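Take a look at the structures below.
You will see two complexes here that share subunit A, one where it goes with subunit B and one where it goes with subunit C.
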Partner chain A sequence: MIFLLRRFVVLLCTLASVSFLVFLIPYLTPGDPARKILQARTGELNLDPSAVEAARVRYGLDKPVIEQYWNWGQNALHGDLGLSYTSRTQVSDLVGSALAVTTSLAVAALFIALVAALPLGSLAAIRRGKASDIAITTVTQGFVALPEYWVAPMLVLVFALKLGILPSAGWTGPASMILPAVTLSLRPLSYFTQVTRASMVDVLESPHLTAARSRGLSFAQAMLRHGLRNGLLPVVTLFSIWLAGLLGGSVVIEVIFAVPGMGRLLYQAVTDGDVPVIQAGIVCIVALTVLITTLTDLLYALINPTVRSSNVSR
Partner chain B sequence: MTDTLTISGLTVELGPPGSPPILDRVSLTVGPGEIVALVGESGSGKSMTAMSLMRLLPPGARMRADAISLGDIDVLHASEHEMNHIRGARISMLFQQPKRMLDPTATVGAQVAEPLRLCLGLSRSQAHARVIELLADVGIAEPERRAHSYAHQLSGGIAQRVMIAMALAGQPDVLIADEPTTALDVTVEVQILQLIAAKRAKLGMSALFVSHDLGVVSSVADRIAVMYAGRIVEEGTTREILHSPQHPYTKALVKCAMLKPEADGSLYTILGDANAARAVSHGCRFRARCLVCTAEHLEQKCESEEPELAGCGRAEHSSRCWATIETRKAR
Partner chain C sequence: MRRSKAVLLGASGATLALTISACSFSGGSGNGAATGSGNAIIDMQFTPRANFALETDDAFILSQIGCLETLVRYDEGTGKLQPSLATAWKQTTPTTWDFTIRDGVTFQNGTKLTAANVAGALSRALHVETPARSFKPSVVSDVKALDSSTVRVTSPKPNALIPFNLASVNTGILAPEAFKANRVDPIGACTGPFKATAYTQGQSMKLVRNDQYWGAKPALGSVEAKFVPDGATRATQVRTGEADIALGIPASSLADLKGDKNVVVTQTGAPKTNGLYLNTSKAPFNNPDVRRAIQLAIDTSAIASQVYDGTAQPAIGPFAPNEPWSPKDRAAKQNLDQAKALLKSAGVDPGKLSLELLGYTEHPEFPDLATVIQSDLAKIGVTVKVRIADYAAIEPSLLSGKYDMALLSRNHLIDIPDPLGFLSSDYTCKGSFNISHYCSPELDKLIADAGSKPEVQDRDAIYAQIAQKLQDDAVTVFLVHEQSTAVARANVKNFHIDPLARDAITPTLTVGG
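And now, the complex of A and B:
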């Protein structure tokens, strides 16, 4: 319980401090925020000073920063993230839908990566030094070097244009997720495989596995019952790091496959100086990241009793 | 009574082909109900011998032997599947570092129950009852509570008791104990040795007791085999080995075990490096550290030819040393 409570306090503190920093972004960059907003919306460089002052009042930019943050934070807690400067739509709608798209894409990609990496990494570990190990290691390490702007068109060329079995772009349903998810999965797949391999090598050499076998357990039984759980610990951590990392979206993939995700949204918002979208986008990503890390720590403690030793021993 | 465990001509190689063998033609028998100790300094190959018997050598190890058998079971040629029925049921093993031998992520109870369920086919509740019984049987207080502990919550002594409970669960014929008390406190060591001795007697098991400590071994073993650089160099009853060691290496070991200070007050140590001895391609492996050789003017023999493990004229006592062989001839 104390463990949970502590994690919860950390979560709140992180959110509060990060959201404040994010809120300060427009004030930390050079230039007058009110003027920048108007420029972004009108496209005009020579603005009437009275129009700028009017905008300053309209957007509440004349109030002290702390007060602005307080108002913004209160609204945000009620799900009101304000209006986009450029499109005058609800920021919560924009960020919400983009985040949903990006999250499902990220989860799909990491799922693919995991499903491939666990058996590949384990096989490489078991057949350490043999041809299959070298093949798996070399190929998956090669994935890291493949740029997405090369892989994506190649996949489109083969599966959409040549074979015609998958849509080439858009966000229209599960089938349209496959190609971007596969593209996105290659690099995590490579890292997951390496980490699985390394951790399984350790597991295979761990004395308790030998001891389990000395009691008559077969290799498979010993592995399943005493190897995998230990071997998966580092992969769990890496998975959460990648999940958090992918929440920002990938501009390259989202542009090539016309996916309406966070990458494109934030890129556009930065180009347009759409401050509310940037702020909300970053705060949401950070909130999710902290949440994921917390959940991972809980999962880790669940798998690994030594982490929660102080709570367990009676 | 149980069956005889026989090892003959066991050779184990590791690493690139042509590198000196880890074990070189090791032969050993453990009779029914007998306790045989395998003694030698660190790196001599004691654990390798034990793991060969379990057929659990590290990957890449190449094992050859004329025979490894337990009664009419051919351990050497048994399939992996057959081995799964031999391990734990006919041959069990205790290890040097009991805490590292337990899965850190599983409870003690779950691990003790596992072979009962998987290998003996007990139901969940039967297995649980048996676990508590087994834990209580090896002197663990509050077995119900201990069953829910994890390895990192146990002391080394308790962990070894758990290992003993697991090793005995299948009522094996032979217990291989690989330095089961080396990692423990001296007080705990005595308790564990007594526990093993009591259990062995009760179940009528025979035992191969691996140790680098002649002192420990002398209190439990019927016979002692001394290993040096992957070779058995002397073998005999505990009494014979302790009171009239023949091989210069055994003599040195006995001297070390007695811990009698030399005339100048220093403790006796065996000079030289045992691991280099493995690479010796001809002659006696102990040559580089042997003082007897020069004293007896045997340099030429000891350099050129490795002596056989030969009887030294006393019952069930043999030694691999030219000095012993020459003395016997001279008589």
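And now, the complex of A and C:
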């Protein structure tokens, strides 16, 4: 219970401090916030001074910063994150639909990574030191070094342009999800494979697997009943950490593949100077990241009681 | 038991992914079924970002896809205005213009186009929070319907160019039903050859032929406009056949496209010139000889071919050679000896000159461009410090005149298809965007003269004179004229790039055959 309470207080403090920092964006960056609002709408550099002053009063920018933060925070607590400067629509609608897209892309990418990494990592562990282990480790570690802006066009070149079997961009159905999800899955795939391999090596050397085999279980049976389950735990933790990390969206992937997710929304908002969208986007991502890591900690505490007790005793 | 839990976990994970995907692949808000013959898919460079508010650049998107129309059309071939939703217009007093609305036109939802509807749409455009440059209260003071077919536009001061303002896409006419509380809904609300039937937020818009169109019957049966932010992806989609036309092709994709016999690349000059703006209000640029020396030191041909990869032309002045008001002169050639001699005769020691050059990150070529200028000026002994930041960060220095040199990209036809607005704001003594802080009573008089001439050719002749004077005085070192590049599949017929970005899908466009 104390553990839960502690995590909840941490969550609130993180959100409060992030929201204040995010609120300060237009004041900490150079330029006049009122001019930025008008330029976000029309893209016009040459502004009428009377329109700028009118905007300053209309948006309450002539009030003290603390008062503005108080008003903004109160509205945010009620779910009103304000209107986008450029589109004049509710920011929560824009962020909500983009977040749904990014979440589905992230889940799909991590699912691909997991499905590929578990057998690859296990195989590498079983064949430790042999050619297949070296090949798997080298290739998957190579994925970390491949930049998305190179992988994405390469996949498009092969699967859309040469073979013509997948769409090169868009967000129109499961087929259009494949190339962006595969591109996004390469880095987590590499880490998942390495972690699976390491934990499986530990499992293979553990006495309980030897004991299981000595009871007459075949290698496959022993692995399935005792090996995989223990070997999987670190990968599941890694999965949730990656999920939290990917919720911000990948600007490169979402722009190249025309995916209407968080990365593209924030990229466009930064380009347009659309501050409310930037603020809401960052607050949502931070809130979700803190929430997911908190849930992961809770789950971990449930699975592994030593975590719980160490927190209680502190 | 444990295995079944794992299976359950895996299955629920997959279900979750599929459910989220199903939710996030949002469908359109209407029926996008194609009717008639031929379908064209066009990849648009820009995504609607302001809910189709007509005072924003979203109006260009609606116009390009054949939906939105204006009262008057500007024909860049002849440089003259043509009738569109208005059949005639005349200046009734120095401050009023009367437009006769075309008879027998209906919006795509069946509502009749009347003078009252036109006056209503234009009044909205005038009174929005951030009106477009072409149609703001300082240009137009009132719009009203005189009778069922006449709309009167009143300006606060005599203005011979009001019909040009009514050719701007920001003054496009939509049916009264289009204007909702916080957004504009163009579905069924245009008068153009194609009728928008479905819009998927930030993804695509579907259109079908408008069989009630008042003009020539459109050849295509349907159109799909896809909003694809990455230029290389747009280019690829034309090569794979996923799109028939793509607008806004980056230089880096040109080599691949030119080697593909299934596609045709077209380029045209855009009314946008990138220049090195000099602060003429203080030393050393209050001396015209120093400005000319800087102009002679910079190699604009190398900039066009290397920084812009051949997608821009070396500038010959503020206007590109294909524009009707451009002087027929050549670009200033780099001449380092002459530049050094000019500095010497002006009594300026280049070794003692240390200048700051500002540029903004929103224009991706500016960092490279700044480096080339720095290196060119080093050849005549001038030291340049470069500062690149967000536009918002450098704007205060520009507006207050606390800078030496700045890179700016300016569209000189942003408000109306006539450069008067640009010349007045950028180069008159009291100009609202006179970043150069240049003041020449002679130039002010020329610009005022041009504004008072009702005939296009008279104005164009004066604009050419002004352009020549700006170039001769080296008020701004004009660097390159930007170009628009588009690509279409070889079976697309009658596709032209509009330098003013108003048209892409036209009634005569066909695909296939």
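In the analysis below, the second predicted complex is superposed on the first by the 270 of 314 C-alpha atoms of A that agree within 3 Å, B and C clash if a C-alpha of one lies under 4 Å from a C-alpha of the other, contacts with A are read in each partner's own complex, and residues count from 1 in each chain.
In the analysis below, contacts are C-beta pairs under 8 Å (C-beta built on N, C-alpha and C of every residue); 3 or more make two chains touch, one makes a residue touch a chain.
In this text the structure is predicted, and so the values were computed from the model without any measurement.
Student: State whether subunit B or subunit C is in contact with more residues of subunit A in the superposed arrangement.
Tutor: C
Student: Identify the partner contact of A:31: answer first if only subunit B is touched, second if only subunit C is, both if each is, neither if none is.
Tutor: In the superposition, A:31 touches subunit C alone.
Student: A:237 in the overlay: touching subunit B, subunit C, both, or neither? Say first, second, both or neither.
Tutor: Once the two structures are laid over each other on A, A:237 reaches no partner at all.
Student: Given the touch rule stated above, what does A:132 touch, subunit B (first), subunit C (second), both, or neither?
Tutor: Neither partner.
Student: Looking at A:218 after the superposition, I want to know if it touches subunit B, subunit C, both of them or none. Which is it: first, second, both, neither?
Tutor: first
Student: Does subunit B (first) or subunit C (second) touch A:171, or do both, or does neither?
Tutor: Only subunit C; A:171 stays clear of subunit B.
Student: Identify the partner contact of A:207: answer first if only subunit B is touched, second if only subunit C is, both if each is, neither if none is.
Tutor: first
Student: Which subunit A residues are contacted by subunit C in one complex and by subunit B in the other?
Tutor: 225, 229
Student: Contact residues on subunit C for subunit A in the complex?
Tutor: Residues 2-3, 6, 13-14, 16-17, 20-21, 23-26, 47, 49-51, 53, 55-57, 129-130, 132-133, 136, 138, 182-183, 201-204, 226-230, 232-233, 236-237, 239-242, 362, 389-393, 395-396, 414, 425, 432-433 of subunit C touch subunit A in their complex.
Student: In the complex of these two chains, what residues of subunit B are touching subunit A?
Tutor: Touch list, subunit B to subunit A: 54, 56, 58-59, 80-81, 84-89, 92-93, 95, 97, 100-106, 111, 114-115, 118-119, 145, 149-153, 163, 166-167, 169-170.
Student: Considering only the defined contacts, which subunit A positions touch subunit C in the complex?
Tutor: 29-32, 35-36, 38-39, 41-46, 48, 51, 55, 58, 83, 86-89, 97, 100-101, 103-104, 107-108, 111, 153, 156-157, 160-161, 164, 167-174, 177, 224-225, 229, 255-258, 260, 264, 268, 271-273
Student: For subunit A, which residues count as touching subunit B in their complex?
Tutor: It is residues 128, 204-208, 210-219, 221, 225-226, 229-230, 303-306, 309, 312-314 of subunit A that touch subunit B.
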